[in-house]
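Per-chain numbering from 1; labels A, B, C and D assigned in written order.
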Amino acid sequence: MLRHTAKHLAQAILVLLGVVVLIFCLLQSIPGDPIQAMVGDMPVPPALRAALEERFGLNEPFFSRLYRYLANVLQGDLGYSMNYRRPVFDILAERFPRTLLLAGTGYSLGIVIGIAIGIHSAITPHRGVDQAWSSLVLIGYAMPTFWVGQLLVMLFAIQLGWLPTQGMGPMISRATGFDWVLERATYLALPVATYTILEATRVARFMRASVAETLEQGYIVTARQKGLSRREIIMGHVVRNSILPVITVMGYSFGTAMGGAVLLETVFSYPGVGSLMVESVRARDTQAIVGVVILIACSVVVMNIVVDLLYAWLDPRIRVSSSQG
Amino acid sequence: MSGKPAVSTLLSARDVKVHLRVHGRIVKAVDGVDLDVHPGQCVGIVGESGSGKSTLGRAMTRLLPNVELAELSGAVRFCGEDVLAMAPEAMRALRRHRGFSMVFQDPLSYLNPTLRIDRQLAEALRHLADRNAVRQRSEELLRQVGLDDTARILRLYPHELSGGMRQRVMIAMALAPDPQMLVADEPTTALDATVQYQVIQTLRRLNKERNLAMLIITHDLGMVAELCEHVYVMHGGKIVESADVFTLFDAPRNDYTASLLAAARRLHQTRSLV
Amino acid sequence: MSSLGARHSGGASFVWHTEDRAAGVARPQRRLSGVTTSASLDLLRRLFRTRFGGIGLVILVAISILSIFAPWFASSGPMELGAESMQPPSWAHPLGTDSLGRDVRSVILYAGRSSLLIGFSAAAMAFLIGGTIGALAGYFRGAVAVVLLRVTDLFHTLPAIIIVLFSVALVGSSFWLLVAAVALAIWPIEARLVYGQFIALSEREFVLAARAAGLSTSHIIFLEILPNALPTVTVQVSLDASAAILIEAGLGFLGLSDPTEPSWGEMLNRGQQFLELAWWMSVFPGMAICIAVLGFNLFADGLTEMFNPRASAKAPKLQS
Amino acid sequence: MSTPILSGRSIVKTFGARSWFGGSGKAKRAVDTVDLDVNEGETLAIVGESGSGKSTLARILLGLSTATSGEVAFYGRSMAGFAAPDWVTFRKSVQPIFQDPASSLNPRMRVDTTLSNVLLRHRLATRATLDSAIADLLGSVGLDADQFHDRYPHQLSGGQQQRIAIARAMAVRPKLIIADEPLSSLDMSVQAQILNLLVELKTSRNLGLVLISHDLNVVDAISDRVIVMYLGKVVEAGPTRQVLGNPANDYTRSLLAAKLVADPHLARARRLAMDSAAASATNFNPSDPKPDLRGATR
């Protein structure tokens, strides 16, 4: 298990390094003035140009530049945002927790609900119920993230007036304690619900297929032979074994959820890293964009490690073979 | 029947038909089969792929997989009760208390890969009072099928066992309700020759020591010769011949049986051996 | 994605020993390799026998016709600002008019062209990049595979929309650059899939036999392996097309797609500002995206079911 | 004696040795220092159970996989030094037959295409003579060309598929066939037919045959020499009569003891003999011939 973990950590670090190198190469390969590309669509004062040339060693050979760049990134120096006039790291530190709150909550709720729907859909004896779930899931799977957000806003915020349309809280809030939490929750409700719906459809689709596959396995026949009841078979054999393959795709799915943040935060004007990305793209604020990309790559890689470990922990076949080397 | 008086039949199938719908056509997988197994008797059903022998086995034990059935008819009496007509609840009770289990070809896929052997055995022993009793009985069952390192095996996962051990664990599980009969579908086909031989010996011992009746479904005439007293030959969904094992091998009455035997003799044409 | 592949290989060992295999001889002969009409008809018939494949194909054909022949179905050009702005749906404008006074129905129809084009071409390009890389890695193995797969992993780590935004920020968003950016974002899945297929198929005995017969590498790749990988790959290309449409819509929604082309995403971007006043400006373009994506997904589902009857969506029910 | 078609010296094949992070897996020797010679017109059987490395060895002999160390020579020339023309000669001389007939034919290729690919590749037929060449080939494996040439594999039975696979192997007029469990996935009556076909081809064309099998009955029926493999190593080798009639090795003996015979009289006689032997408590225990604890490593 320890060896398994170490191996995955090492691989993760390599992947991250690779991503940074890849980004560096992309930045380098852009034709034109590198300083201008780095700064974006803004006039470059000569002092800044000199400083940047010095900092990135632009007159040095490729590998030495790459080395400097990596060293900076490793020290948490992600550059300076011309658009916000702040270090990129500081902006990310402020915004990432918000995105994590939003995407993380929606992602977790979505997985739980999706698994439940998938199981129910696959094991219900009524073909009609299964068909209904399948159709809902298919439609949900086809809806663009931001459109779901818009629909929810139109329904719950505009038509029914239950919830605020955007933002993450009123500019000036006097609420404290529980009220403050509640107030926050009302602002988070719609974006989180959007996330949840989309993640749930993704998971449900996969889960249903997985349960269907499990039900065809020989050990289900064995369980029936032992005279176990339907309920006992489902709880004891079907659920756990069908969740395993779903776990394996959760890491990538988390990446998709983080990507969804870009669109959703824009719909709800939510000040997280997603809207930071969009604003920076619009302002051609390259340093900030690169910061967001690296951050998202990090979070996906971390999530992949978590998923790998979780899988290894749940599936004895991995656990044993890895502990033996 | 090889000396044993036919007091009563343990399992009797009468006019069993299993017709399936495959790609819109009706396939008569089992087409009017009669068959008897007496207490303590070891009966073989032998046939080639497509003969319907597996379908028959699974129909009789009510373990047909999810397929479109065009017809499932006839009577299968096990200890006097019609299995095919039983309510699901009664069927579960029958399986729990009297055991009417089937052992399959590929033991790996018939064991849950994520649970230790002890958990899987315990599920078959829920009629026992407490955990100690379950454990004792589990170890006893494993010893009965020739597995001695019981404490260790109980803590292992299926993939940590060899093929032969897995198949014996499957047999032990089938023995949990102390059944009078065991149905085995190609129980040794996936195993190596030496392991196959051990499993056959285990089955033979169980047949002798516990007077356990067996219905062995196989394509292997060698296995039939080794293990069975009475043989049914199946071809195209029908029983084409039913005879005592010696009679069948010495003087087959049916042409198909004769051709099977000829093929077997061609393959077993021994030059160097006894 | 590897787990998906693994899951198909599992399964109970019970095989229906019916006379089906022998009886297959009597079935009408299919010429899969020939492009005869009867073969295509037969494929179509099989597709329509699946749960969703037929619906998917009908949707795809319908939206293709509607957008290719947009002028026949539209009341005005996509950029014509003739009507009064923000009219709710009416007989003259069944889907209403937008804030610029354009007929929403007409814009949706014309915008379908760029959405579908981006879907098809990005999927095709992703297939070319990913397919080539996957095939190379899968056939040559060893160090080649390690390097190619690590590169694939790098791209796979980043969510598609992030990659697209990054490229747009760096090189801009004219139509073909956009197609390239989307393809760049989705090729890793294709590469993994093709790699997996190649690994699995090159261990199959007919490929070994072809190698043992001394047939050339290109013969083995293009005539032995590829035709057998094609069904799975086709399904993925269809899914890629739907992903591409969603990504393009996202970019349009962020106001970052090619500004000279009308697009569904851009319509939603405009609609976002008028959610309270003109619901039709958001609801209908969104529906258009949804239907197009659904069409590709259902088509892919149908193909999967057709090529792999065991994965049929008729879930087995637990019996007692 | 003339030069053997194929000879292997200390063939070793290991798996799972390389790793990116310093030997996290221990190399497993699938084939462990195997020597063998295959002569023209001779039938050599390689016997072993799953995991004995016999299929890996077959692939090495077929040149489909390279040995980790050791040398395989084709008519005395090391295959490591083969140039392209040498490979062509080799491919025309050594051909495989595989276990699973369904998998050994390309499901999307018609029978005639499968055969013509091989014939055209080695210029054994021209476009003009192709049809008759295919008909001859199909005839030689007992199939009617008119009926079978335009079939797809799924339209054939298992036995017919295996016949096509044999026809493909015979298309280049090879000197040696390496057959990896050619019978074990077929029905018994078909097995006998295919076995007869192999024997017939072998005698009529002076074909060498390497028969890889776990079935001692088949091996005994047709082979001249036997190699017994266990966990990658050769434990016994020699003329069939000697090895199977008077085995020197314990493992070979246990294989023989486990052999089933389709004869209830013989089976009963053997049982009785065994029971009395067990009663007199000899040291050889046929029900436990080898430790059965290999699951985790396989």
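Convention: a contact is a pair of C-beta atoms (placed from the backbone, for glycine too) under 8 Å apart; a residue touches a chain by one contact, two chains touch by 3 or more.
Everything quoted here is computed from the prediction, not taken from an experiment.
Peer 1: Could you tell me between which two chains the number of C-beta pairs in contact is largest?
Peer 2: A-C
Peer 1: Please identify the chain lying most centrally, where each chain is represented by the average of its Cα atoms.
Peer 2: C
Peer 1: For subunit C and subunit D, let me know how many angstrom lie between their CA-based centres, rounded off.
Peer 2: So the centre of subunit C lies 44 Å away from the centre of subunit D.
Peer 1: Find the geometric centre of each of subunit A and subunit B from their Cα atoms only, then give the gap between the two centres in Å, rounded to an integer.
Peer 2: Each chain reduced to its C-alpha mean, subunit A and subunit B end up 51 Å apart.
Peer 1: Please work out the Cα centroid separation of subunit B and subunit C, and write it as a whole number of Å.
Peer 2: Spacing between the chain centres: roughly 48 Å.
Peer 1: Note the residues in subunit D that touch 2 or more other chains, in rising order.
Peer 2: Subunit D, residues with two or more chain partners: 158, 296.
Peer 1: Among the residues of subunit B, pick out those that touch two or more other chains and give their numbers.
Peer 2: 49, 65-66, 92, 104, 106, 109, 159-160, in rising order.
Peer 1: What residues in subunit C touch two or more of the other chains?
Peer 2: Where subunit C meets two or more other chains at a single residue, that happens at 10-14, 21-22, 316-317, 319-320.
Peer 1: So in the complex, the part of subunit A that touches subunit B is made up of which residues?
Peer 2: Result: residues 216-219, 221-229, 232, 236-237, 240-241, 244, 314-317, 320 of subunit A touch subunit B.
Peer 1: Where on subunit C is subunit D touching in the complex?
Peer 2: That would be residues 21-22, 24-25, 27, 29-30, 32-33, 146, 204-206, 208-216, 219, 223-224, 227-228 of subunit C.
Peer 1: Can you tell me which positions in subunit B touch subunit D when the two form their complex?
Peer 2: Within the complex, subunit B contacts subunit D at residues 48-49, 146, 159-166, 192-198, 200-201, 219-226, 245-246, 249, 259-274.
Peer 1: Tell me, which parts of subunit C touch subunit A in their complex?
Peer 2: Its residues touching subunit A are 1-4, 6-7, 10-14, 52, 150-151, 153-162, 165-166, 168-171, 242, 246, 249-250, 253-256, 265, 268, 271-272, 275-276, 279, 282-283, 286, 289-291, 293-294, 297-298, 301, 311, 313, 315-320.
Peer 1: Can you check the complex and tell me which residues of subunit A touch subunit C?
Peer 2: Answer in residue numbers: 14-15, 18-19, 22-23, 26-27, 30, 37, 121-123, 125, 130, 134, 138-139, 141-147, 150-151, 153-154, 158, 165, 208-213, 215-218, 220-221, 224, 230, 233-234, 238, 245, 248-249, 252, 255-256, 258-260, 262-263, 266-267, 277-278, 280-282, 284, 286, 289, 292-293, 296-297, 300-301, 304.
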